[in-house]
Amino acid sequence: MDLVTMREKLDKKEISAVELTQSYLDKIKEKDKELNSYITVCEDAAIEQAKAAQEMIDSGNAGAFTGLPISVKDNICTNGVKTTCASKMLADFVPIYDATVMEKLNKEKIVMLGKTNMDEFAMGGSSQTSYFGGVKNPYDTSRVTGGSSGGAAASVAAGLCAAALGSDTGGSVRQPASFCGVTGLKPTYGAVSRWGLIAFASSLDQIGVLANSAADTGYMLNGIYGRDFNDATSSAKSKGDYTRLAGTDISKLKIGIPKEFFDGVTDEVKTAVLKAADYYKALGCELVECSLPSLEYAVSAYYLISSAEAASNLSRFDGIKYGYRSGLGEDFNDLIKASRREGFGDEVKRRIMLGNYALCSGYYDAYYKNATRIRTQIRKEYADIFEKCNVILTPTAPTTAYKIGEQEHDPVKMYLADICTVTVNIAGLPAISTTCGYGENGMPIGMSLTGRAFDEQTIIAVCDRFERDFDRKEARI
Amino acid sequence: MRYQPVIGLEIHAELLTDSKVFCTCQNEFGGSENTRVCPRCSGMPGTLPLLNQNAVKLAARAGIATDCTVNKYSAFDRKNYFYPDLPKAYQITQFESPICTNGHITVVGGKDIRINRIHIEEDAGKLVHDDYEGVSLADYNRCGVPLIEIVTEPDFRTIEEVQDFMEQIALRLKYAGVCDARMEQGSLRVDVNISIMPVGSDVFGTRAEIKNLNSVKAIGRAIAYEIERQSEILDNGGTVVQETRRFNDNHGNTKALRSKEEAHDYRYFPEPDIPPVLFTDEELEEIVNSMPEMPQKRFARYTKAYGLPSDDASLIISNKDFSDFYDETVKINPDYKQVSNLMLGELLRNLNDSGAAVTDLKFAPSDLAKLVEMSSGSTVSKNAAKDILKIMFDNGGKPEEIAKENGFIMDNDASGLEAVIDKVIVDNADSVESYKSGNAKVFGFIMGQAMRLAGKGANPKLIKDLLTEKLK
Amino acid sequence: MFNTELTRHLAELSKLEFTDAELDKMTNDMTNIIAVMDKVCGFDTSKKPYALDAVDYKDLRRDEHGESYPTEKILENADIKRGATFVVPKVV
C-alpha cells in the first residue's frame, strides 16, 4: 500500500492507526526472526503512538504523517529509545534528545515501529558487520541486503514498515535499496538536517528514505527536509513539495549516461540499466553520452575523506560519558584503549586506522589533502555534465546481492564495490535508486538517477515515471 | 657564560559572551558541576556545533585592539587529541585560516613585539583529581567556553618586556570588551616559551614551555627561574630538553610535566560541521567603528595634549570606566589637571575604601565637572571640594546644593574677616611674636587658627592675604 | 611502505590496541587498502582542496544563552559517576 493510499484509509477511518500499527508489529514478529532487520522493536511505544495518532485523526487534526508506521535506522537519535549504531560500543546508549527528522515527524504523531539494523556505525555495504548479527535479504535469505542501511531496506522490502529512514554516506541508502528491490533516495547534502544523526563522515552523511516507490520517498522527504538551526550545514535551498510529481512531463529531459560507470559492472547490470535508458528514450527523452573522467580516483578519495572524518568523529567513544566501558584499564589511556578495543568491530577499527593514516603527520598532504582536491575536481566534472543534462543515469551497484560470507570479509573488494555511488556523496548531489531488472539469480538490479543539487523533484519524477511501467517483483519472504 | 633569553607567548583569553561558543549554554565562571552542559558541549553522538556570532566579533575586536589584520575569510579546524576534559576528543580551533594575523604591541624601550595570529577556539572542561582513590572527576561546565589564543613571535628578550606586554594586552582586551582579563580566575592564561642562547648569538636554543602562570608577577619569577635553570644546564655542558614545565608559585620553581609516550600529532583537518565565516567590508568597518579608544592612545592624549604626568595618566587609563569618567568630565570642564587631581585623590580613595566600581557612582561626570569649576573659581575651597565629593560619593546630589546646604560656599567678602584675624592675633600673641622674630614656620599654625574661627565658608586665600598684611 | 611499526603508531593515535596476531592481520589489511588509496598520491596539486561554502557573519547564531540540560540527564549514559561528575581513571 502506498503512503497516499494509507493516508486516505486512515483519514477515512477505513483502518485505525492502532490496527495498522498492530498489523506491522505482527508481521515483524512473524518474519523478522529470520531477517534480523530490526535491532529494537518498539512494540508498546508504537501502540501508544498509534493511539495518540488516532486521537489526532479523530479530532480532525491529522497531518500527512499521522499514524504512518515507519522504521528508523539505528544511527538516528531517538529520545529515550536505544540508538546503538549496531555497535557493542553503543549497545545500551539511550539518547537524551531527538534527531531533527524525528522531531519533525513526531509533531505529526508518526508511529516508529523500531530501529533498524545496519553495518556498525554505517561503515559497510553488506549489513553483516552489525554487533547484533547480519541482516538477510528478503528476496533470498542466503544473500546480503547490502548496506549500510540494510535493515531499513529489508524492512521495506518485507513489508515490515510503510517506509524507512536511513542514512547515506557513500551509497548506504541506494545500494541496499538496489539489493533489496526497493526505492532509495539520498537527498542533496544539506537538504535534510543531520542533527541527531550519529556522525560517520560529517561532510558526506545525509539522512535518506527507503520506501516502496519513488512517490513514497518524495512523500517522506516532504516531512523531513529544510534548513535547521541545529545544523549549520543544512540549507534553505530546498524548494519543497516532493509529492506533486504524478504526471510530470519528463519527455523533454536530457539524460546523461556517463560511460565510466558502466566499465566495472556485470553484463546483466549494464544491460538492465541501458534498457531503462531505452525506456526513457522511447518516452522522448534525449540520451546524452557524457563522462566523469575522475571516477577512477573516486573510491580512494571517498575512503580517505570519510575515514579521516570517521577517525575524528569516533574518538569521542572512550567509555566514560556514554557507551561501552571496559573493566580493564588502570589509567585513562589504558581504559580508552580497552574500551575501544572491546567496543568496536574490525571494520570500524580499519576505518579509524585508515583515517588516522590519512591525517597523520607526513601523510596528510599526499592522502587527505589530495583527496579533497579530487573532491573539487569531481564536483566540477558533475557541474560540467549538468550543463548538458537534467539527470544522470548509472547503475547503483556493480552486481546484485551476493551470498552472505562471499566478499564482506575482503575490505578492498568491498571498497571497490562502492564505485557507482560514492561520487554522488563527494559532490553532495541528490540521487535515487530503483529496481530496473532482475539478475539470473532472481535478485533485483538497481539503477540510479542523479540530479542537480536541490533538484530532488526531477529525479523523483523521472524515477516515478519508470516505476509506473516497471513490473516489480514481490520479495519472497 | 652570559646568556640571552628568547621568549614568546601563547595567551588564552576567555571571551565575554553570553553563551558558549558552539552551543547555547550560559558562559559563566564557576557554578555547580555539570550544570551548564547540554548534549552539544558534552560531546554526545549526533550533535553539531553552532558558531556564536559574538565570539567571532570579539575575536575580531581583539585583533583590532592589537593592530592585527582581521581576515575577511576565516575557517575552523579540528585538533584531535584524547584527554578526559575534552569530551569530543577534538578541540574546534582555527589552524589554516585564523581570524586575525600580523599584529604588534610596542613595549618598554619602544620595541615592537609581533603578534603572529589570533584564533578562536573552545575551552576544555575541568578535572578534579582525587588522589586518595586515584581517579579524576570530570566537570564540563567550562567545555565550549569561547577562547581566543594570541600567539606572539619569539621577540621578547627581557622579563620587563614580557610583563609590560601582558599588562598592555590585558588592558586592551578589557577596553575592547573582549575579556575581563582576570589571570587569577583563569580568564586570561599565558604559556611562556623560553630558550636561551649565548649573548651575541642568533641561533635560538631549545625551548621549554611554562604553564600555570596566574599573575604578571609569577610570569617574571618563572622566567627568571627558567633562565637560571637553563643557564646552569648549558654551563655544565648539558642540553636543554624540549618539554612542558609547570610553575609552582609556592616554591618559585618549574617542574617538568611527565612527558607523553610520543610526540603529539594533532591531525588537524577542516571542521566539516562549521562552514567558514565571511565578513563583508561593511561589517568589518562597523566593528572597527565600534571600538573604543585604546589605552595606549589615551595615554598619549593625557600626557601630550593634557599635560598630565605619566604616572597619573597610567593610573587613570588602568581602569577603563575610570578613564571614561575622566574623559566625560574634562569634556565639560577641560581643567585636565584639577579633574585628574580630584579623581586620583579623593575619588580613587573613596572607591578603594568602599570597594565600589566606577559604574556604581551616584553622580555624573557633569557633577564632577561642576565641582572642579566651583573649587577653581573660588566658590568653594579645595578642602571643601573634597568634603563635597565625599558627600556626593555617599549619597549622590548636586555639588552646588551640597555646598549650600553645608555652608561650604566661600565668603569672599573681606570685611567680616578683619575682626576674625584681629582676634586671632590677640589670642595667639606668643606665636605672632615668634613669627615676627623670624620663625616663618608658625605662619601655618596662625593661618589654621584663623580658618577655624572663620568657619567652613571662609576663603583661605583672602585670609592668607589679610593675615600676611597684618603680620608685617 | 606499510609495516608493523606504522600500524603500532596508528593504533596509538587511534587509541586502539591489538594482539600480535591482530597486529599482523591489520598490517596486512592496511597494506592492501593503502595500495588502493595510493591512487590519489599523484593527483594534480594545483587543484584547490575542497572547502564548504562560507556563510556570512550576519547569519551566525545570535549570542543568547538558553537552558542547559539537567545534570542527571547529562550523566544518564555514563557507566561510572560520582555526584554530579564523570569518573575517569587517573590521567598519567
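Per-chain residue numbering starts at 1, and chain names A, B and C are given in the order in which the chains are listed.
We adopt the following convention: contacts are C-beta pairs under 8 Å (C-beta built on N, C-alpha and C of every residue); 3 or more make two chains touch, one makes a residue touch a chain.
Keep in mind that this is a model prediction, so the values were computed, not measured.
**Q** With chain centres defined as mean CA positions, report which chain is farthest from chain B.
**A** A
**Q** If I average the C-alpha coordinates per chain and also across every protein chain shown, which chain's average lies closest to the global one?
**A** Given all protein C-alpha atoms shown, the central chain works out to be C.
**Q** Could you grab the centroid distance between chain A and chain B? Build each centroid from C-alpha atoms only and quote it in angstrom.
**A** About 56 Å separates the centre of chain A from that of chain B.
**Q** So what's the Cα centroid distance for chain B and chain C, whole Å?
**A** Whole-Å distance between the two chain centres: 40.
**Q** If you average the CA atoms of chain A and of chain C, how many Å lie between those two points?
**A** 23
**Q** Mind pulling the chain B residues that touch 2 or more other chains?
**A** Where chain B meets two or more other chains at a single residue, that happens at 39, 42, 50-51, 82, 84, 136, 138, 265, 267, 270, 272, 274-275.
**Q** For chain C, which residues are shared contacts with two or more other chains?
**A** 9, 13, 15, 51-52, 55, 61, 69, 74, 86-92
**Q** Any chance you could list the residues of chain A touching two or more other chains?
**A** 93, 96, 203, 229, 232-233, 311, 315, 318, 320-322, 332-333, 336, 356, 360, 372
**Q** For chain B, which residues count as touching chain C in their complex?
**A** Interface residues on the chain B side: 17-20, 24-27, 32-39, 42, 50-57, 73, 75, 82-84, 127-129, 134-140, 258, 261-262, 265, 267, 270, 272, 274-280, 283.
**Q** State the interface residues of chain C toward chain A in the complex, per the touch definition above.
**A** Chain C residues touching chain A: 6-7, 9-11, 13-18, 26, 29-30, 32-41, 43-45, 47-52, 55, 61, 69, 73-74, 76-80, 86-92.
**Q** Per the contact definition, I'd like the list of chain A residues that touch chain C in the complex.
**A** Its residues touching chain C are 92-94, 96, 203, 229, 232-233, 296-297, 299-301, 303-304, 311, 315, 318-323, 325, 329-338, 340-341, 344, 349-350, 352-354, 356-358, 360, 366-367, 369-377, 379, 411-412, 415-416.
**Q** Using the touch rule from the top, collect the residues of chain B that touch chain A in their complex.
**A** My answer: residues 39, 42-51, 78, 80, 82, 84, 87-90, 136, 138, 265, 267-270, 272-275.
**Q** Give the list of chain C residues in touch with chain B in this complex.
**A** Spelled out, the residues of chain C in touch with chain B are 9, 12-13, 15, 51-58, 60-66, 68-69, 71, 74-75, 82-92.
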